[in-house]
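In the two complexes that follow, subunit A is the common piece, with subunit B as its partner first and subunit C second.
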Partner chain A sequence: MSEWRYWFAEQKGTLLALGIFIAMFVIYTANHPAGFTANVVQTASNKGVLLAFVAMAQTLVVITAGIDLSVGMIFLLTNCLASWIVVGTPLETALGVIAVLLVGVLCGALNGAIVIYGRLQPIVATIATGSIYFGIALLLRPYPGGSVNEDLADALTGRLFGVIPSSLVALVVVVLVVWVPFRRSVYGRAAYAAGSSEVAAYMSGVPIKRGKFLAYTLGGLLAAIGGLFLTFFTYTGEAAYASGNAYTLFSIAAVVLGGVSLFGGRGSAIGAIFGAFAFRTIGDLLFVFDLDPLWQPLFQGVVLLIAVSLGAFALFRVKNRLEWFG
Partner chain B sequence: MTGRFMETAPQETAPLFRMEGISKRYGGVRALEDAELSVHAGRIHAILGENGAGKSTLIKIMSGVVAPDQGRMMLDGQAVSFSSPAEANKAGIVCIFQELSLIPELSVADNIVISDPPKKFGMIDRRAQRKIAEEALARAGASDVHPSALVKDLPLSRRQMVEIAKALARKPRILILDEATSALTAADVSKVFEVLKRLRSEGLALLYISHRMHEIAELADDCTVFRNGRRIATYKAGAKSDTEVIELMIGREYQNVFPPKPAAASGKPPILECSNLSWTDRLTDISFTVRRGEVIGLGGLDGQGQRELLLALFGVLRGCTGEVRIDGQPVKLVSPAHASSEKIGMALIPEDRKTEGLMLPMTVRENLAFAAMDKVSKRGIIDREAEDRLLDEMVKLLTIRTAGLEIPVGALSGGNQQKVVIAKWLMRHPRIILLNDPTRGIDVGTKQEIYQLLRRLADQGAAIVFYSTDYDELIGCCDRVLVLYDGAIKRELVGAEITEHALIASALNIGAAEAARMARTNA
Partner chain C sequence: MSDTATTGGAASRMPRFLRKVDPAVATSFACIIALLVFGSLYSTSFLSPEYLLQQLKVASFLGVIATGMMLVILLGQIDLSVPWTVTTGAMMASAAAAFGPAGIVLAIPFGILCGILIGLVNGIGVAYLRIPSMIITLATNAVAQGLMVVYTGGFSPQDSASEAMRWLATGSLVPGVPNAVVVWALIGAVTVFVLTRTTFGRSVYAIGNRERAAYLSGVDTRRIVMIAFAAAGGLSAFGGVLLAGYASKAAQSMGDPYLLPSIAAVVLGGTSILGGRGSYLGTVAGVILITLLQSILSVMQMPEAGRQIIYGVVIVAMLLLYGRAPASR
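Showing the complex of A and B:
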């Protein structure tokens, strides 16, 4: 029985995010004119997965007590690249997908190398690299355009067996192939350990550098998967600066909503996924209640504040005020 | 006298580990000089010495945390060197550090296997990990700790047990325990002792660092005393009395670095009275009085509640019970801002000047001016002339050696940085000055200036409460010393009673009779 208690304590953040998302989604579908139908679920899923991928990317870096302000730009860069090369025969398309993912990996690895081996602060390093990635995206697509293999795009944004949204299936596959092995590997644990207490981790002989490097690199990969899906949804590539920045900031919001600690060492990408879906549902809620979409940023801010405040209650129990700052 | 003790414990077997001629400097400070040590399998070797004697540096070198400047180490007769803790671990040397090395956000089981988790298909095998953790916890006598609990949720004593379990899970050949029992309850200590004795019979070499003499008497086979970075003596346990050992640990002449103490201030009115102050389990029923012009020392082993007491007085801790009176009026100290207000007039010189005392990248002027902003400004506008005058006065008073007020504080030497911290608080003209180990890590010359300053401030009517880990300072500076043990005042030493013997004896909580006997021997 007590085993459950510990499991619950560990998953508290994730479960809270799941709860917030379910509550919002139930209100949404209950008030939607079409109700809980495959179509509504598909639309919600397609809107949510993009931010979910970017939020997962952010989670990996935040776990190491870092932050990645270039995720949105990697997302744009890979979108622009995909709109050039994910076309043609199935073989060409497959090679194109691999190339896009590799570029994401490279971007992430560059971030990691600068932060870990160059010892720059993550916030500064990723602002700079983000700007570089956006610059390349702009070179690739000065104007919106391009195309994508539409058969593949339709397959990945449609429905499986007529009910299950394929984008959701893809998200689950990515979780199983990327996140779960990372979480259970020695390097994943090293990333958590470094985020929680780098000194203690060093003293314990934990491979801190490799763990952090892997986290940044996989973050790049996940952002690239997001970029691919953006291309599948829009059939085009576009270097839209505002959109890239919005994804970066929303990914941080989703991570926080998902119970991932910005101080590092705690949280799960699965929580961040629910955080991302919850954050996206806010906009949908405004839609079903017939509110002006102009209210969206305001409501997103309010929901974020409330969610973060829930986590801050513990501070009221602190006995030594110096712990507030540490 | 040193030569007389340079005997080594007779050993028939070759040592498992030996270090020779080890030296280490940190900047200009000599931490170890030509140190040697031999560790034998199947024996417990105790290392004794005062704070700053070089014990910590010694074990940091052994366990690969720092590299020695000179000297060599041999394991099984083969020369070895370690460039990281991981390498030392691989060679079988595992250290349980005084500052805990556990990762707070990970579970107990995660922590126990952290340096070499069991793997299956490239991933961590959670079931095997659980089994290793349970075995290690059982071996350490800590089966009450749940392997799935997060370390940050455990109390300090349980964390210490997890730390021991973690060390055991690495199957060490040499196990180093640095004050490993300081946070433990008496019941845990006896469990740990059983474990250590079993490990010794299994052929491990154990290195045991502790301030607690009775623990050493119970456990150790061999003892080595360090002082000022040098090995002073190695002897078989039981070969020397406590008094002799303490003499070995002290062993140096006092120099005339301290200003003379005035006659007792007992006639002056009390300015700070504290009765039955308690806070969580770290402070218990602390009662004392400080008079105008008095310098009160807080003594005892490191971490017995001295810091918490200063923080409590300064309004940092929440949930304190008991009563604090200032000038006879009961006050409730709610925040540092309140404690340092004109009405109360308290100042706390913090222990870590780098994080709590100064903003290193900012200039001397900015650092100093923060504290006295209201004294040199009118309606929010700073009067630069008044500021300059006040700052010049402070720089002169404290003889801060700086090329100017516009130099970043980080560019000054440690001693001068500390003077800036003190100056910063003096600008408010505090009546009660709390100091948390203010001379740690600064040079002798500056220390001397700080001692003079403290006495001068006291003569001008301030009350000073002064925590120091350096016994000499307490003896040289203080009119009275309160010795804390486990969060309570165990003894109050007044005037001539303040001797190194008495301080050490009461810090170790040896019985009063024994302490008195030792004090007599000293006199």
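Showing the complex of A and C:
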């Protein structure tokens, strides 16, 4: 019995995000003119998966009590790169995919090296590296364009057996291959420990540096997977500053909605995935209710504002006022 | 630990007036001189008074915005709502200017007031609801963007800046000295006075060092934090008003290029991003440094991509020089 209580306490944020997402999605499909069909689910999943990858990347870094304001730019950079090299014969395409993922790993590793071994603050360091990544993306694609192996793209954005969106399957595979092993490894625990209390983790001999470094590096990898999928959806590469910024911002929103604590050490990438889906569905709700798209940014902003203010209710439980000041 | 020991040893051998200089501020001034020398090698007009005054004028817009950012960073917080607070200030001031004679008089105060309101929401969220500043300011940024998109219909508004706004940004009261520079100097003087000579200023530093200790010493820390955020919002909006005056109208996403530079200017000037440490002189140095860097890159006709890369590399390199946190031991 008490085992269950611990499990529930740990997964509360994730379950809440799942609940919000299901509620939003039910409202969405109930009011959608086409209703709950495979097509609607496929479109929603394709849009949601992009943000889900970026949000997972953000989660890995946020767990270590850091923040990565360059995820959106890594996402753009890998998108632009993929529009050059993920083409041609199956072998060339495979090599291209590997190269794109490697570039993502490199970007994440650079962030990690600057933050951990250079001992700079993650906010400033990743804003600066984000500017570098955007510059490289702009070098690769001064104008939108390029192409991608369309067979692979269609396979990964279509449906399996006519019903299951394959992008969703890809997301599950990435969770199983990247997130679960990380979470269960020594380094994953070290990342959580470092986010919870770096001093205590250091005193206990936890390999915090390597744990944090791995978290940043895998964050880059996940952002690159997101960039790859963006290329599969759009068939082009584009270095749009506003879009990179928006993905960074939305990834933080998704992480918060997904119950990941920005102070570090709490939450999971699964929660962030549901947070990302919920955030996307909220944005799409306006369309099914036939409102002017002009209102969408305001609506998303207000939802974000309310979502982050909900955390303030925890203040009422604080008995000692000093705990307000953390 | 060994780092501080060696710098302490070196400092004690230096004359007293040099010992008082913050190494970060000294480094950034040295970098400014290095940039000027480098620029003059490229083109001789780099050291002409006209060019330097023009740079100061451009720097003053960033300077006003960075002043607000510095207040917030001194508290150990951050304000990511700068882009759309700047734009809101510019758009609302231009909108007010379209409302007859009364609107023209009230245009500038109205723009600033809108900024203060955004800052107040940030401040209440951070101080009273204890929401991390990074999140609440992102959220208010999104709301301000949403409001402006609805107001303008997604296009750049047709209203143009009032005479007074244009005069403040481009005119010169004293011949040869642009008004924008005078405005920045005034704001800077007030900020230095407030930060070093008033209870409010000392409380800001105290909260940045340890909010708990400041609270236990009888400082109403939440009120101070709220006021600082409101002031930062007002300053960002004022920066937007000046920018609208400079370009003679407001535009969508005119504030976007000011978020990174304002944070970078404050941090390059030696203010700790963790709060509690930093001087206004450093921020002035950071603002001039960034403006010069941008100007040199554009004079060299560097394409946008190269500019972004060099910009990021320079910021990382300079921070690695003197912005590192102590090792955890």
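As a convention for this text, the second predicted complex is superposed on the first by the 324 of 326 C-alpha atoms of A that agree within 3 Å, B and C clash if a C-alpha of one lies under 4 Å from a C-alpha of the other, contacts with A are read in each partner's own complex, and residues count from 1 in each chain.
Keep in mind that, in the parts below, a residue touches a chain if its C-beta (ideal position, glycine included) is under 8 Å from a C-beta of that chain, and two chains touch if they have at least 3 such contacts.
Note that this is a predicted model, so its numbers are computed, not measured.
*Asks:* On the A-aligned overlay, A:L322 touches which partner chain: subunit B = first, subunit C = second, or both, or neither?
*Replies:* So A:L322 meets both subunit B and subunit C here.
*Asks:* Touch check for A:A242: first (subunit B), second (subunit C), both, or neither?
*Replies:* A:A242: touches subunit C, not subunit B.
*Asks:* Does subunit B (first) or subunit C (second) touch A:V186, or do both, or does neither?
*Replies:* It touches subunit B, and subunit C stays clear.
*Asks:* Looking at A:V172 after the superposition, I want to know if it touches subunit B, subunit C, both of them or none. Which is it: first, second, both, neither?
*Replies:* The answer is neither, since A:V172 touches no partner chain.
*Asks:* Counting only touches as set out at the top, which of subunit B and subunit C does A:A200 meet: first, second, both, neither?
*Replies:* A:A200 contacts subunit B only, not subunit C.
*Asks:* Counting residues of subunit A in contact, which comes out ahead: subunit B or subunit C?
*Replies:* So, of the two partners, C touches more residues of subunit A.
*Asks:* Once the structures are superposed on A, label A:A23 by its partner contacts, choosing first (subunit B), second (subunit C), both or neither.
*Replies:* It touches nothing on subunit B or subunit C.
*Asks:* Just subunit B (first), just subunit C (second), both, or neither: which does A:A128 touch?
*Replies:* Once the two structures are laid over each other on A, A:A128 reaches subunit C alone.
*Asks:* Could you give the residue numbers on subunit A that contact subunit B in one complex and subunit C in the other?
*Replies:* 199, 202, 321-322
*Asks:* Given the complex with subunit A, which residues does subunit B contribute to the contact?
*Replies:* 65, 84-86, 89, 97, 100-107, 110-111, 114-115, 117, 119, 122-124, 126, 146, 148-150, 153, 166, 279-280, 308, 311, 316-319, 335
*Asks:* Which residues of subunit A touch subunit C in their complex?
*Replies:* Against subunit C, the touching part of subunit A is residues 67, 114, 118-121, 123-125, 127-132, 134-136, 138-139, 142, 198-199, 202, 241-242, 245, 249, 252-253, 256, 262-263, 294-302, 304-305, 308-309, 311-312, 315, 321-322, 324-326.
*Asks:* Which of the residues in subunit A end up touching subunit B in this complex?
*Replies:* Within the complex, subunit A touches subunit B at residues 2-3, 6-7, 9-10, 181, 184-186, 189, 192-193, 195-197, 199-206, 261, 264-266, 318-322.
*Asks:* Spell out the part of subunit C that touches subunit A in their complex, as residue ranges.
*Replies:* That would be residues 78, 125, 129-132, 134-136, 138-147, 149-150, 153-154, 211-212, 215-216, 221, 253, 256, 260, 263-264, 267, 273-274, 303-313, 315-316, 319-320, 323-328 of subunit C.
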